[in-house]
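Two complexes come next, and they have one chain in common, chain A, joined by chain B in the first and chain C in the second.
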Partner chain A sequence: MKLLSSYLKEMKIAARGFYFYIEIGMAVLLLAILLLVISETSISSSKQFVYNDMPNKIAKYIKDQSIKDGDARLADSTEFKLKPAKFEITNQETVETTAYAFDDEKIIELETMEMLDSDSGELEETVYYVETEEDMIRLAYGESEIGATAAMNPRGKVSYTYYLQGYETDRLESLLYISHSKSPGVINAKKDRQVVRTLGVAETLNNRQNLVPLFIAYLGSLMGFFIVLSYIFYDKAEGVIKAFAVTPSSIWKYLISKIFVILTTVVVSSSIITIPVMGGQPNYLLFYLFLLVTTFALASLGLFVASFFDTIAKAFGVMYGIMITLMLPGFSYYIPSFDPLWLRFFPTYPILQGFKDILLNGDVGYVLTYALVFLAGGLALFFLADMRFKKTLTV
Partner chain B sequence: MIRKIFAVFKRDLLSSRRDFLAMYIIVVPLLLAVGITLFAPGLNDTTVKLAMLKSDDTEHIEYMKQFAKVELFNSLDELERRVAKRDDSVAIAPTGHSYEIILQGNELEMVEDYAVQLNTLYELGATEEETTARLMSFGRITPPLKTKLVNMLIAMTIMLAGMLIAMSIVEEKAENTINAINVTPVSQTGFVIGKSLLGGMAALLGIIGAVLITGFYDINWFMILLVGLTSMILSFVVGFLQGLSSEDVIEAAGSVKLLFLPIAGSIAVYEFASENWHWTVYWSPFYWAYKANNLILSKTADWGTVLLSTGMVIGLSLIVYFMALPKIRKGLS
Partner chain C sequence: MISVKNLSHSYSEDEKYAVKNISFEVAKGETFGFLGPSGAGKSTTQGVLTGLLKLQDGEVSVAGYDIRKVQNERFNKIGVSFEQSNVYGKLTARENLEYYAKLFDVPTRDPMELIRLIGLEGKENVRAGEFSKGMKHRLTFARSMLNNPELWFLDEPTTGLDPAIAETIKDIIREETAEGTTSFLTTHNMFLADALCDRVAFIIDGEIKLIDSPKNLKLQYGQKLVDIEYLANGKIVKETLKTVDEQERKCIGEIVNNYEIRTMHTKEATLEEIFIQVTGRELIYNETVK
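Entry: the complex of A and B
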């Protein structure tokens, strides 16, 4: 009963302040961005500048053939500004260096083609055809993109000269070399005969849905850590915690009522983002269970950290250090090939993967296991925070 | 006037020594800069991971190692278990006289293409020696991802400095010292500038340190300092508005989250949207600061663009400041 009245009191206070409404407003705004700005299919931003050193008729035939085969489509021509620049180019094999200097500034319009994946029809790369090799090199340098000269010899064979930026990996350079060691026809014919086996029909999230776990984990669960700290420091400044020493209510009820306010806010804001984007697809029972447990664990961590400091200013370094550390697994989530072992020990790693699994109706065992881990960890941290607050009542 | 401004600055500097807040604003970007320096090579080398059998041809394994990260396993079961893990890893396993490529089914398309292409080239016996391609290099060594991360770090430092100013104002409000300013010889403008100097200086030092730690020594330092100084004005305005509009520390914390949106939005539009859509964030000073820093860090900046960007940062910050001036005056009285 005391717990309920504490919670209701905290909710009334939260409803009077701006914070609760900021959270709701943010969730609505993020939902609008997801629905209106982020497309369902990912759009490749890869670009290449190409100069065709061959008769125009042949270059046109090659482009038309790509369009006919469904490998490319013609797009509106694009304007580029060439700025004055000075740079050097090194031949990777001979290590011979050539200096270039351009003083003029000009605007050129380039024929633009979008290269497509032959199976899915999705955009893979945008290619801009440049009329002179010099302009192609200037653009590759100025736009920091790959440039290429496709030259045809008298026997009709095409060879490529690539202009790289210099930071590309050795592996990419090696791949470029061997990709041009056999004729494209031979490579494509052999490629079509490759045997590919898929272990199962694995569902994937589309570009828009893929952002939902990030928004929930970072703006929901992780913010719970930050906000509970702010609440506690506010109450410390106001002397509310000290007042608990002379009331019949216990400290843990006060602390848990703070966490309940955070849980309520996070449930409302996460629902605003998730339901319209995901519809009826995920298992919502599992979703809310995981959301509550992870938010509880991170809010308990916030309480524990708050117990060591008496003002937010003093806790600032630790607070920001923890928050930034917890954000790091986002890199691995967004770049799946970057997945070092040490990153998996950060609590936000299983939170992101868990939400992804829930949205995909994936590995329930993984979600439940980590729900248990977060519950146990959260309870332990809450217990420790309660002990510290009881002992000190302030710090 | 300047003496009074420095008196406010000195008082803030002394009080910040008690809780190390200003120190954090300087130290946090430096620590993150160290993190970026350690992180960036791994992020740049995100080639495909291949799982292969230990019993496979040594020649095959060595061939693949030239182009991908290769992990070796004892049995087909182990290979399949590896592929089924959460990250994108593809297995290439021998099947009689040929090979099969094993996928989990949820990999990025380019991962599958890469593995197929590699195995095709191996089966064709393609070698670097018989290539017809030539590679030329502009000699740049800093990957664009590192430039972006450092630029984001600069944006975050501006936000942190704004937060330092906001927190210090909320603190003044809680202590009721803000009203006392009105009966001192310090003018309101002097107080605003004096209170903002600490956050601004901390941000500037943090930015310079972070840029140096991440190895951007040979950039145009006049340009980066100009953008840094204009960003200081930006953090003044942001911090003051945050501080004065927040009644307590919880609201200040909430408004940090609100502030995160124009910063993240400006960066997202600059990085991911086509240039035709950049006008949608021309209103945001963070867009102009990010753009100018990006050009400077990638060493493609010209003075015209830098001056235009810094002019926009100052102009937009001042517009916001003058629009909010009645509110600032009210908040201070």
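Entry: the complex of A and C
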């Protein structure tokens, strides 16, 4: 009864404050972005600037062949502005460095070709054909994209020299090596002789759905952590914790009532995003279970942090540090090549993976295991926060 | 109702004591004043007695409970009115009282009755955040009465109130104590203590200097004086004479017998004057009236 009274009181206060509406408003805004701005299919494709160091006839033949095979299509020519630039290029094989300096500014029009996925026909890459190697290098530098020189080797085969930015992953470099180590015909012939056994149908999230785990994790965990801190510091400023401490009710009931408000808010905001985007696809029982335990754990962390400080100003540094730390796994989620081992120990890493698994109806064991870990961690943090609050109530 | 033996408390948990080895007892039904200037140790003592501060050294029993043992149910018998008003600004006066009333395990008073008692009738549905400092203070005071406390901690109950409201609060305290409530009044306002307390303790630098009733203190430390204004040979004469001096007592008799008395008042030393006399320190306080 006391707990229910505290919860209802907290809900009333939350409804009269602005944090509750920030959370709900944020969910509505994110949903609008998902539905109106993000398309279901990926529209991202890479660019490449190519200089054909070969007779025009051969270059034209290769292009025509690609169009004929359905691997490419001609697009309208594209204008590029070349600006003054100074840079160096290092040859990876000889380790020789060549300096380039351009003082002029000019506009050039390039023949444009769109390379298509052979299975789906979707746009994979846009290739711009540059007339001089110098302009190609300059464009690759200026546009921060890959440049390449295609030439005929003495054996009559096309060889490529790539101009990379230097920050590309080893994986991409290896891919470029592999894709040109054999002629396309040989690769296709090898592929034809391979026996493929399908182990299962791998489901994937579309471009829009893929953002849902990220939004849910941030709205639940991060906002849960931040809002519970804000609520506590608001109460500390009003002094109402002391007033509660001289009633027969326990401090843990006061603290858990705060968490219940966070859980209610997060369930509402997450539903606003998830249900319209995912429909009936995910296992919602598992989804809400995972949402509740992960939010509980992060809100308990917020309570624990709040117990060390009197005001939000004093806690700001720690609060900011924790929030940035919790955001880091989001980069790994979107850039699969950035997946260091240490990042997996950050709580938001398994939260993101867990939500992704739930939305894909994937590994239930993984989700349940981490749900237990978060529940245990949340309870431990809540217990510590309760102890700290009992000790730090001063007159 | 309260028993304190050799209580010491240090915030830094070293030799810098905010309260040092104090002992006193408060009987059931008594109004006990804990008097001293800011930083004397009043709030620290009240903090330990109410359980907001951990007991470090000494033995303390409050409302029959040993406060070393955590027993939240003791707060069913205790009411605490804080010096700094602490109510939910986003809840109305009524919602504030209704919420806290639900936290007790004993029958509680009707929130509206308390709102009327403290003069906030008509404001019950106004959010406390919109209240003046004095109104919030009255609401904090009313909240401390919700559970009909047997033991009532009052920390500067009239601070920030205008004289008329302060008088109402004093009357409420008198009525409650008349019905048997034990009160522990923490204040630096000697007039309030004089008006309400059966006994007072003077605390300074964390140590109790003296405990007695205001009446005894005045008898012991007060210098009895009489201000006389009389007509002598058509002129008004004013004199202040000591009643404890035999020569001056005879003089009072002569004036009364031989002249026309216009005014005559006995004059007692105030509690504040006695405090200065006993402790050698002044009580500095500024009451903000809003």
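Things to note:
As a working rule, the second predicted complex is superposed on the first by the 321 of 395 C-alpha atoms of A that agree within 3 Å, B and C clash if a C-alpha of one lies under 4 Å from a C-alpha of the other, contacts with A are read in each partner's own complex, and residues count from 1 in each chain.
We adopt the following convention: contacts are C-beta pairs under 8 Å (C-beta built on N, C-alpha and C of every residue); 3 or more make two chains touch, one makes a residue touch a chain.
Everything numeric in this text was worked out from a predicted model, so none of it was measured.
Shared-chain residue A:81: touches no atom of chain B or chain C.
Counting residues of chain A touched by each partner, chain B versus chain C, the larger count belongs to B. In the superposed pair of complexes, A:106 makes contact with neither chain B nor chain C. In the superposition on chain A, A:60 makes contact with neither chain B nor chain C.
By the document's definition of touching, of the two partners only chain C reaches A:5; chain B does not. After overlaying the two complexes on the shared chain, residue contacts for A:89 are found with chain B alone; chain C is out of touch.
Shared contact residues on chain A (touching chain B in one structure, chain C in the other): 17.
Of all residues in chain C, those touching chain A in their complex are 43-44, 46-47, 50-54, 72-76, 78, 80, 82, 84-91, 95, 99-100, 102-105, 127, 140, 143.
Within the complex, the chain A residues that touch chain B are 17-19, 22-23, 25-26, 29, 33, 45, 83-84, 87-93, 117, 119-120, 122, 140-142, 144, 157, 159-167, 169, 171-182, 186-187, 190-191, 194-204, 219, 223, 226-227, 230-231, 233-234, 237, 311-314, 316-317, 320-321, 324, 331-332, 335-340, 353. Of all the residues in chain A, the ones that touch chain C in their complex are 1-2, 5-6, 9, 12-13, 16-17, 238-240, 242-250, 391, 393-395. On chain B, the positions that touch chain A within their shared complex are 19-21, 23-24, 27-28, 31-32, 39, 42-49, 66-68, 80, 83-84, 86-88, 95, 98-109, 111-112, 116-121, 123-124, 126-144, 160, 167, 171, 174, 247-255, 257-258, 261, 265, 272, 298, 300, 302.
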